[in-house]
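There are two complexes below, and they share subunit A, which is joined by subunit B in the first and by subunit C in the second.
What follows is the complex of A and B.
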C-alpha cells in the first residue's frame, strides 16, 4: 500500500476535527474522499501533508512512518498537494508558481514542462500571466500543474472540480486519467458523487470528521441513505 | 530654502526607506512584528562609529566608507542569532507573544549596547566631513546626504532585483503571499525565514551606520526610527516595495517641511496621517 492511515485523531485547539480515521491508498489508484463541505475531507488531506499535526494515529507512506515529518520532508518523500481553493500565489506569474515546485525538488527527478503541457496544453498560453489575472479554471490547472512539478508519486487533490463548468469538468477528469497513466496515484477530496462515480473505483465517505463508508461509488448511487448523506 | 527642505526630505526618506524595507521584509515574510528593529539600527550605528573611530584616518578614504558596511554585517549577525534562538518559536504564536518577546529583546539589546559601548555618545563624523559640500542652485548642501540617498537607491534597486529575479527572492515572496501554501509546497520555511530576518536586520544596521557620521550614537538611538519605520509600513502597506518607497517619501517630506513650517506638530502630524490611512485604507496605500 502506498499510503496508509491508522486511527488518526486531529485537533485544532481543543476541538477534535478528525476522529479515528483509517484509510489506505494503493499504488496507481484514484481514491476519493467524499463528503459535504466541512465534513473533514480537507482536514484529512492537510493532515497527510503535515499542515494539521495529528494528536494520535499513524500515517505511513511507502511503508515508512511519516506522521511526525514536516510538510517539506513529506513533499520530498513524494507527496504533492493541490488545495481546495487553489492557493495560487497571486502576485507571481504562472511560470514562477510552477518553478517553485521544481526548485523544491532541487536536483531530484523533475516532472518536466513537456509533461505538464501534455496534460494542460493551455498553460503554455498564459505562463507569463500573474496568478491574480487567471480565471477559476486556469487557477485549478496551475495548482495541479504546480503540485505535479514536485514529481509526486501521490497527488493530494482537494476539490479539483469545484466551481467548474460541466465541459471543463470533463476536461479535468481526462487530465486526471492522464496523470494516473503517468504513474501518479491520486487521493481526491470531492463533494460531488456523480463526478466521483466517473473517475474512482474506491471512495470513502467522510461525515463530521469520521469515515462512515468505504466502497465503490456505485454503491453510494444505489443507496438512498448514503446519497442523502453526501447531499447530491 | 525650499530646495534644502526638499533635499532634507529626500535624505530622511532614504534612511526611512532602508529601515522600513527591513521591517517590511520581516513582517511580510515571517509575520513577525519586530519591536527590536530599532535596536538593530542602533547596533549598526554603534559598531560603525566604533570602527570609524578605531581606524581613524589610517586608511584611504574609500575604506572609511566601506567600514559603514560593518553596521549591516553586525546587525545581520545579531539578527541571525535572534531568529535562531528566539524568533523562530514565535511563528505559530499570536501577536501578543511576538510583541512581548521582541520588546524583551529590545530591552536586552539596549543593555548589551550599554555594556559594550558604555553610556557615552559615539560620534564619527569623518565620512561626513571628507565629502565636503556641494552647491545646488545657489544653496550649499552636504555631499554626504546625497551619498546616503544614492546608497538607499542602490539598496532599493538591489532588493527589487533580488525579489523579482532570483529563486530566493521569489520563494520569499511566495511565503509572504501565503505562508501555509508555501509550507504545503515544501519550501524550506525555516531557512528562508532566517534569511529574511538576517536581510531585514542588516538593512536596519546599514541605516544606523549611515546616520552615525551625522548624528552621535546614544542609548535609545533606535526608538524614533522604529516608530517612524512603523508609520512608513502603515502608510505604504505591508509587503510592497513601492509602498515602502512612497511611504518613506511621504513621511520624509512631511518631517522635513513640518520641522520648517510647524515644528510643534511635526511628529503628531505623522501620526495623524498614519491614523487617517488606517481608517480610510487599512491595508496601506500599496498593501495587499
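What follows is the complex of A and C.
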C-alpha cells in the first residue's frame, strides 16, 4: 500500500476535527474523499501533508512512518499537494512557479515540461503570464503542474473541480486520468459525487470528521441514504 | 538572460545610459553637491540590500543601522588599530566580513519570527550594538566616535590631499564601480531561483514550504546578503563622512533606511536607489532651511503613505503603464 492511515485523531485547539480516520491508497489508484463542505475532506488531506498535526494515529507512506515529518520533508519524500485555493505565487510567472519546484528539488528526478504540456497543453500559452493574471481554472492547472514538478508518486488534490465550468471539468478529469497513466497515484477531495463516479474506483465518504463509508462510487449513486448524506 | 537579450531590453539600455551619464557627474557638480551625491550612492547600496529583505522577502527590519555601523566601524577600527592594513582593497572585504558575521548572529535570532516580532527583535539587537558602541569608550570612542582618515588604494597614497579633492577624483569612480557591481549582483540575486524562492516565501510561506523551500534558512540567507550590502554601504559612507559615531546603530538611523526605501518604493527594484537619492537631498535641504526639519521628513512620510503608497518609483511606473496602455 502506498499510503496508509491508521486511527488518526486530529484536533484544532480543543476541538476534535478528525475522529479515528483509517484509510489506504494503493499504488496507481485514484481514490476519493467525498463529503459535504466542512465534512473533513480538506482536514484529512492537510493532516497527511502535515499542516494539521495529529494527536494520535499513524500515517505511513511507502511503509515508512511519516506522521512526525514536516510538510517540506513530506513533499520531498514524494507527496505532491495542490490545495483548494491553489495559492499560486501571484508575483511570479507561471514558468517561475513551476521552475521553483524543480529548482528546489535539485538533483532529484524532475517531472519534465513535456509531461506537463501533455497533461495541460494550455499551460504553454501562458507560461510568461504572472500568477496574478490567471483565471480560476488556469490557476488550478498551474497549481497541479507545480505539485507534479516535484515528481511525486502520490498527488493530493483538494477540490480540484470546484468552481470550474462543465467543459473545463471534463478536461480536468481527462488530465487526472493522464496523470495516473504516468504512474502518479491520486487522492482527491471532492464534494460532487457525479464527478467522483466518473474517475474513481474507490471512495470514502466523510461526515463530521469520520469515515462512514468505503466502496465503489456506483454504490453511492444507487443508495438514496448515502446520496442524501453527500448532498447531491 | 543572455547578452543578446540584455542588449534588446530597453531597461538595460537605460541602465547603460545612466551609467555613462554618471561618469561625467564630477565635471557637472560642485564639490559640495558631489559629496551629497556620493552620500546618495552609498545609501543607494544600503537601499538595495535593505530591499532584498523588505521588498523581496517581506521582512521589515528596524535594526539595519547595526550592519551599517558594522561596515563603518570595521573601517574606523582598522584605521585605529591596524593602520598598516588601511587600504581600500582590504577595508571593503573586511567590512563585508564583519557585517556578514553580525548579520549571521542577529539574523539567526530574528528569522525565527516574522512581522512585528521580527521588526522588534531586529530593533532590539541593533540597540544592543548601539549600547556597546556607546559604552566601550576606550575601544570605540563612545559618543565622540572615531575619525576616519583617507585610505590608500593599491599602494596609491592620498597623503596631503584634502578630503574634497579625494572625493571628487579617484574615490568617486571607485564608489561608482562598487555601486555598479552591487547593482548587477543584486539584480542577479533577485532574478535567480533563490530570489524567486524569496518572493514565494514573501507571498505565502506555507505554500513555499509545500514546494520544498527551506523557509527559515532562505530567510537567514536573505538577511545575511542584506546585511552585507548595508555593511558595504556603511564602509563606503565613512570615507565621505570622515567620522563614525554610535548613532549609526541607533533605531533612528535604521528608521531612515526604512524611510528612504519607502520613499523610492520597495515594490520596484530601482525604487530604493531613487529613494536614497531623494532622501539625501531632502534631509539636507530640510535641515538647512528649518530647525523643524524632522517635521518636514515626517510630513513627507505621511503624504507618501497616503498618496504614493508604492513610492516615487511605483508612481512613475504605474503612470508609464497607463500612458503605454493609452497609446496602444
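As a convention for this text, the second predicted complex is superposed on the first by the 232 of 232 C-alpha atoms of A that agree within 3 Å, B and C clash if a C-alpha of one lies under 4 Å from a C-alpha of the other, contacts with A are read in each partner's own complex, and residues count from 1 in each chain.
We take it that a residue touches a chain if its C-beta (ideal position, glycine included) is under 8 Å from a C-beta of that chain, and two chains touch if they have at least 3 such contacts.
Because the structure is predicted, anything quoted here is derived from the model rather than measured.
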Overlay on subunit A: subunit C relative to subunit B, clash or fit: clash
Subunit B versus subunit C as contact partner of A:111, first or second or both or neither: neither
First (subunit B), second (subunit C), both or neither touched by A:120: neither
Touched partner set for A:90, first subunit B, second subunit C, both or neither: both
Partner chain(s) touched by A:101 [first = subunit B, second = subunit C, both, neither]: both
Contacts of A:52 with subunit B and subunit C, given as first, second, both or neither: neither
Shared contact residues on subunit A - subunit B and subunit C: 49, 51, 71-72, 75-76, 81, 83, 87, 89-92, 96, 99-101, 103-104, 146-147, 150
Interfacial residue positions of subunit B with respect to subunit A in the complex: 167, 170-171, 173-174, 177-178, 180-189, 288
Touching residues on subunit A, where the partner in the complex is subunit C: 49, 51, 70-72, 75-76, 81, 83, 87, 89-92, 96, 99-101, 103-105, 146-147, 150
Touching residues (chain side subunit A, partner subunit B) in the complex: 46, 49-51, 71-72, 74-76, 81, 83, 87, 89-92, 96, 99-101, 103-104, 146-147, 150
Complex interface listing, subunit C residues touching subunit A: 193, 196-197, 199-200, 202-204, 206-215
